[in-house]
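The next part holds the structures, each set out as C-alpha cells.
Heads up, the next two complexes both have chain A, just with different partners, chain B and then chain C.
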Partner chain A sequence: MATTNSRALARLMLVPSVVLLLAWMLVPLCMTLYFSFLDYNLLSPGTEEFIGFMNYEFFLTDPAFFESFFNTLLLVGGVLLITLGGGIGLAILLDQAIWGRNYVRIMVLAPFFVMPTVSALVWKNMLMNPVNGLFAHFANWLGMTPIDFFAQIPLLSIIVIVSWQWLPFAALILLTAIQSLDREQLEAADLDGAGPFSKFYYIVLPHLSRAITAVILIETIFLLSIFAEILVTTSGGPGYASTNITYLIYTQSLLQFDVGGGSAGGIVAVIIANIVAIFLMRLIGKNLED
Partner chain B sequence: MANNNSIKTKLIYTFIAWTISGLIFFPILWTLITSFKTEAEAISASPSLFMFDWTLENYEDVLARSPYFNHFWNSIVISIGSSILGLLIAIPAAWSMAFVQTKRTKNLLMWMLSTKMLPPVGVLIPIYLLFRDFGLLDTKVGLVIVMTLINLPIMVWMLYTYFREIPNEVLEAARMDGASIGEEILYVLLPIALPGIASTLLLNVILAWNEAFWTLILTAANAAPLTAFIASYSSPEGLFYAKLSAASAMAIVPILILGWFSQKQLVRGLSFGAVK
Partner chain C sequence: MGSIHLKQVTKDFGDVSVIKPIDLEIKDGEFIVFVGPSGCGKSTLLRMIAGLEDTTSGTIEIDGQDATTTPPAKRGLAMVFQSYALYPHMSVRNNIAFPLKRAKINDDIIEEKIASVAKTLNLTDYLDRKPGQLSGGQRQRVAIGRAIVRQPSAFLFDEPLSNLDASLRVNMRLEISELHKSLNTTMVYVTHDQVEAMTMADRIAVFNGGIIEQVGSPLELYNNPANRFVAGFIGSPKINFIDIEPSTIDGTCSLGIRPEHIEISTTGGQWAGKIGVIEHLGSETFLHVHVDGHDTFTVKTSGDCPFKYGDEIYLSPQKNKLLHFDATGKTLPNIA
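What follows is the complex of A and B.
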C-alpha cells in the first residue's frame, strides 16, 4: 500500500522536470520545423506563405552552406585532434611523480573556466594582433614578418583558440582515467622487458579508450555549436572563411531576418547533431548498465 | 644509485610539466599582468613581465566608464538564480529516479540527456520570437529561464549519480519511523547528499556564468551579463589593451577561483558519469 503510494508520488516528482524539458525541446523545435516550410521574413511581416522544401533547397545548394559545413568539420576535427593528442600527453605527464603537481594541474585547468568571449578577445588582441600582439613582437624580434592571423589563417586561428579552451577538459578527463590504471600491470610489463611505446600502445591506450570516446563525443556536441569565438574575432570572415553552420544560421536569421531560411538551416543542424548524439547515447547507455 | 636516477627523472619531468603548464596558463597570466600596466606599456614592443610601474588606473577607468557592476550583478543573478531554480526542479526528479526505479527510469535519463544535444541554433528563431512576444528579451528573468532549462539535464544527471551512492536502507529506515516523503528528502537525503548537491550547484554556476550563445543573442544593455559586456570590447583596435585586460580579469577571476574547487565534479558532471 505504502509502495503504491510512494510510486505515485515519485512519478509526480518527475513531472516538473519532464514537462519543462519536453516544452523546451518540442515547442520551439516544432515551430522551427513549421517556419522552415514558410517564406517568412521579419522585415515583411504578414506575407508568410507556404513554399514546401524551397528553403531547404536554397540552404543546401548555397555555396555558403558547403563552405561552412566544411569549416565546421575542420573546426571540430582540428580541435579534437589537438586536444586529444595534447590531452593524452598531458595526462601521462601529470601522472608522473613531479614536484608541485597540484599547482601544475591548477594552471593546466585554468583556461576551461575563462568565458569564451574573454579568451577570444585576449587571443585576438594581446597575442595575435599583427601590430601590437605578443606574437608579432616575437616575430619582429626574430626578424620575421608577423602573421596577420585573422586575415591570413582565420579558421586555424579560431581552432587554436578553441583548442586552448578545451585542452584542459580533455587532459582532466584522461588524467582521471589514467589514474585508475592497474599499476601492477605496468610493472609486469616492465619485468617482461616492454619498452615505453609498447606499454603505451598495449596497456595505456586500451585502458583510456572509453575516456577518449567520451571526450570525442562530448567535445563534438559543444564544438558543433561554437559561436562566441567566431563572433568576436572574425565575424565569420573574410568572406565565409571562418563561418561555421551555427554562425551561418545566426547571420541568416537574426542579421538578414530570413526566418524561413534560418529555420531550414536549424533543422539541418539538428539532424547533424542527432547523428553524433546517437553514438554518445550508446556509450553512456552502456555505462548505465554497469 | 637507483635513487639518484629516479630523482633525476623526477626533476626532468617536473621541469617539462612546469614549462608546458606555464605556457598553457600564460595568456591568463599575461592578461592579469597587463591589467596593471599603462596603455602605452601594454602595447610596448619590448613588453616587460614584471618591471613596470604597476597601476590600478585601468580598473578605476573600467569601473568609471561602464556600468561594470550592473553586468556583474546580472551574471550573479543569472548564474546563481538559474542554478538554485534548477536544483529545486532537479532534486525531486533525481530522488525519484534514484530511489524509486522503474523500467522506464533509464530511458527517461537518456531522453533528458538527449535534450542537451539539441543545437541551440535549432531553436534560435522560435525562442527569439517567443521572447520578443512575451517581453522577455533583454531581461534577467528570461535568461534565468533559459539557463535553468539548458542546464537542467546536467543537474538531474549529476544529482542522480550522487543519490545512487546513498544506500536505500538509510531512507527506508526513516520511512519505517513514519517520516513522510517530504521529511525524508528534507531531513535524511539532503544532509547526506549535501556535498553532491553543492558540487552540482557549483558546476552549474560556472557553466551559466560562461554561457556565451544565449547571453549574447537575448540581451542588450539591461540584462547583459559579463560575457556580453566583454564582447562589446571587440570593437576595432586602439589603445585599450590594459583596460580590456582589467575588464577581463574582473570577469574571470571570481569563476576561476570557484572552478579550481570543482575540478573533480567537472569530470563527473560533464561526462554525465561516464568517467568518475
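What follows is the complex of A and C.
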C-alpha cells in the first residue's frame, strides 16, 4: 500500500508523536542551553543575569573536570573491557549443552534486573565492606589485611560493580549471536584442521563482530551517565577519585545550587557524548553495515 | 590413495539406531553415491566417515588404517557441505587458503596452489570477493576449491547441489563428474536425487532405514534391483507395481514393470485402460493410464504420441522385463 495517498496519510498520522517526542527532547535541551549562559544560583534567587560563556569557562578550567573526564573514560572503557571479555567467555559456556541450560541462562540474566542502587548497596555493605564484607572475611581467613575498597581503589570498585550489572546483558546478546553461527562452518573448519583457538579467532570472533559493536554502542550510551552506583558507594570520593562527569554535574548544580554551572556541565556532557558517539561510529560503525 | 572400508559400522542417537551394521568397501578413485529417502542415514554415515559424528560401534578404515577415532582434520578427507559453509567474512582467496594456512604451508606455495585451483574452477576473477557477493554456483565452486586445494585422499559431498536451481544443477553435475575424471580421486557423494546418482556414480549405494539395500553400478540397479524398494527408488518416471494373487509356483506377490517396457495397443492387450494426464517432453511422452482394478500406470512412449486425454487403450508388459517380487519385497528370478 505504498501509494502516494497512503504515504501522505502515514506521515500525517505520525505528526502527533513526532511533535511530542521533539518537544520532549528540545524543550529541556533549550532550557539547559539558556540556563548555561546565566548566573543562576538557587541560593540567591531573582538575581539571574546573562554572563556569556563564564559558566563554561569555570566548568572547563576546574581541575575536577579533567579528573572526572578521565574517570568517565576509565569507567566506560573498563566496564566495556570486562563485560565484553567476560561476556564472550560466558556466552561460549552457556552455548554448551549442559543439564538445565535454560534455567542457567535465566539465572545469569538476574543481575540485570537488580536496580543499580540496590546492587550498589549490596556490594557496598555485604561484599566490599572492610569490616563485615564477604571479601574482608575471606581476606582475614587467608591472613591478609582486608582491602578498604572504596577508600583504596574507589574507581576500580565501581567498575567492578557496574561490570557485574552489565555482564549478563553482554553475555545474552553475544549468546544469541553465537547461536546464529552456522554449525557447518565450524565443521568445515574442523575438517580444514583448525584447532579450538583458530576456530574462535577466525570464525566465531568475526561472526560476533556485529553483536560486539551493538554491545559497545548500547553500553557506552548508558555507561557515560553512571550515577546511582557512585552516589550510593563513594559519593564521588575520596576527593574526586571516583567522580565522573555526570556526578560532577550533580555536585555542581544540586549540591552547590549552581543551576547555571550545572547546565553548562550538562551541555559539555552532551558534547562529550556526541564526540564519543562519532568516534565510535567511525571506529566500529562499519560492522553494522552489511 | 583413498580407499575407505566400513566394517560393521553402527550409529545410535540415544535409543534410536540410525545406522544398523553396515559393511561397505569404497575403492580408490571410485565415485560412489549414497542415495535414499530423507532420514535413511546416508548423511549421517558420510559425517561419520568425515569424523564429524562419533561411531557407535564398528571400524572405519581409511587407506588401510583404522581411522574410527581419528579427528576430522587428520583423516585426509575434504568435505563439501550442503550450505557450502564458506567463511562469510573472508575473501574467496582466504577461504581457499584457510586449510593450507592451518597446515602451516609456505605462503608462496599457497599462492601457487590458489592460482591453479582458481584456474581449474574458473574463479580467478573472483578471488578478492566475499562469498556474499557470489552466485550460488560460484559459491559451490569456492567450496569445491577449498576442498581440492588440500589434495585430500577422498572428497565427501553432502547434497552439494540441492541449493542450486535446476539448470545450474545439471551444469554442476557435469563439472563435478569432469573433476572426478581429471583428479581421479575417490568421491563419496550423498544425494536424495536418484537422477544425480544415476548420472554421476560409478557405483550407487541405496540406503533405506539405516541399512544399505543394494550396492552396484547404475545400470545394475536399474535392470536388476535386489528388491522392491530399490526398484521403486531408482528410475524416473517411477516403475509401475502390480499386486497379484500370490503365485503358487514361486511365491510372486507383486510385479514391477518400467514405463518404457510397456507396449501400447488400440486393439487388445493384457490390461484395458483410459488415458489420464499426458506429459509431452518433446523427445518422449509419459502417459498416465488408469487401469481398472489397478493403480495408475505410467507408460513411456515416443515423442509423436497420437493419443489424447480419455482415449481407451490396451497395455501389455514385455514379459522378459517383468520384475517379480515375493511377499517380503525381495526380487525373484524371472522365470517367464
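The rule we apply is simple: the second predicted complex is superposed on the first by the 265 of 290 C-alpha atoms of A that agree within 3 Å, B and C clash if a C-alpha of one lies under 4 Å from a C-alpha of the other, contacts with A are read in each partner's own complex, and residues count from 1 in each chain.
Here, a residue touches a chain if its C-beta (ideal position, glycine included) is under 8 Å from a C-beta of that chain, and two chains touch if they have at least 3 such contacts.
This structure is a prediction, so every number in the text was calculated from the model and none was measured.
Q: Contact-wise, after the overlay, does A:G266 reach chain B, chain C, both or neither (first, second, both, neither)?
A: Once the two structures are laid over each other on A, A:G266 reaches chain B alone.
Q: Counting only touches as set out at the top, which of chain B and chain C does A:I275 meet: first, second, both, neither?
A: Neither chain B nor chain C is touched by A:I275.
Q: Go through the superposed model and pick first if A:L43 touches only chain B, second if only chain C, both, or neither.
A: Neither partner.
Q: Tell me the contact category for A:Y202 with respect to chain B and chain C: first, second, both or neither.
A: second
Q: For A:A188, using the defined touch cut-off, is the partner it touches chain B, chain C, both, or neither? Pick first, second, both or neither.
A: second
Q: Would you check which partner chain A:L142 touches, where first means chain B only, second means chain C only, and both and neither mean what they say?
A: The answer is neither, since A:L142 touches no partner chain.
Q: Under the stated touch criterion, name the partner, chain B or chain C, that contacts more residues in chain A.
A: On the superposition, B touches more of the residues of chain A.
Q: Touching residues of chain C toward chain A in the complex: what are they?
A: 50-52, 71-73, 77-79, 81-83, 85-90, 98-99, 102-103, 146, 150
Q: Using the touch definition up top, name the residues of chain B that touch chain A in the complex.
A: So the residues of chain B in touch with chain A come to 6, 10, 13-14, 16-18, 20-22, 24-25, 27-28, 30-31, 34, 43, 45-47, 89-90, 92-93, 95-97, 99-100, 102, 106, 108-110, 112-130, 149, 152-153, 156, 175, 181, 206, 209-210, 212-213, 216-217, 226-228, 230-231, 233-234, 237, 241, 244-245, 248, 251-252, 255-256, 258-260, 263-264, 266-267, 270-276.
Q: Of all residues in chain A, which touch chain B in the complex?
A: Residue positions touching the partner: 2, 6-7, 9-11, 13-14, 16-18, 20-21, 24-25, 27-29, 31-32, 35, 90, 93-94, 96-101, 104-127, 129, 131-132, 134, 137, 140, 164, 167-169, 172-173, 176-177, 210-211, 214, 218, 221, 224-225, 227-228, 231-233, 245-246, 249-250, 253-254, 259, 262-263, 265-267, 269-270, 272-274, 276-277, 280-281, 283-285, 287-288.
Q: Along chain A, where are the residues that touch chain C in the complex?
A: 182, 184-185, 187-195, 198, 202-203, 206-207, 209
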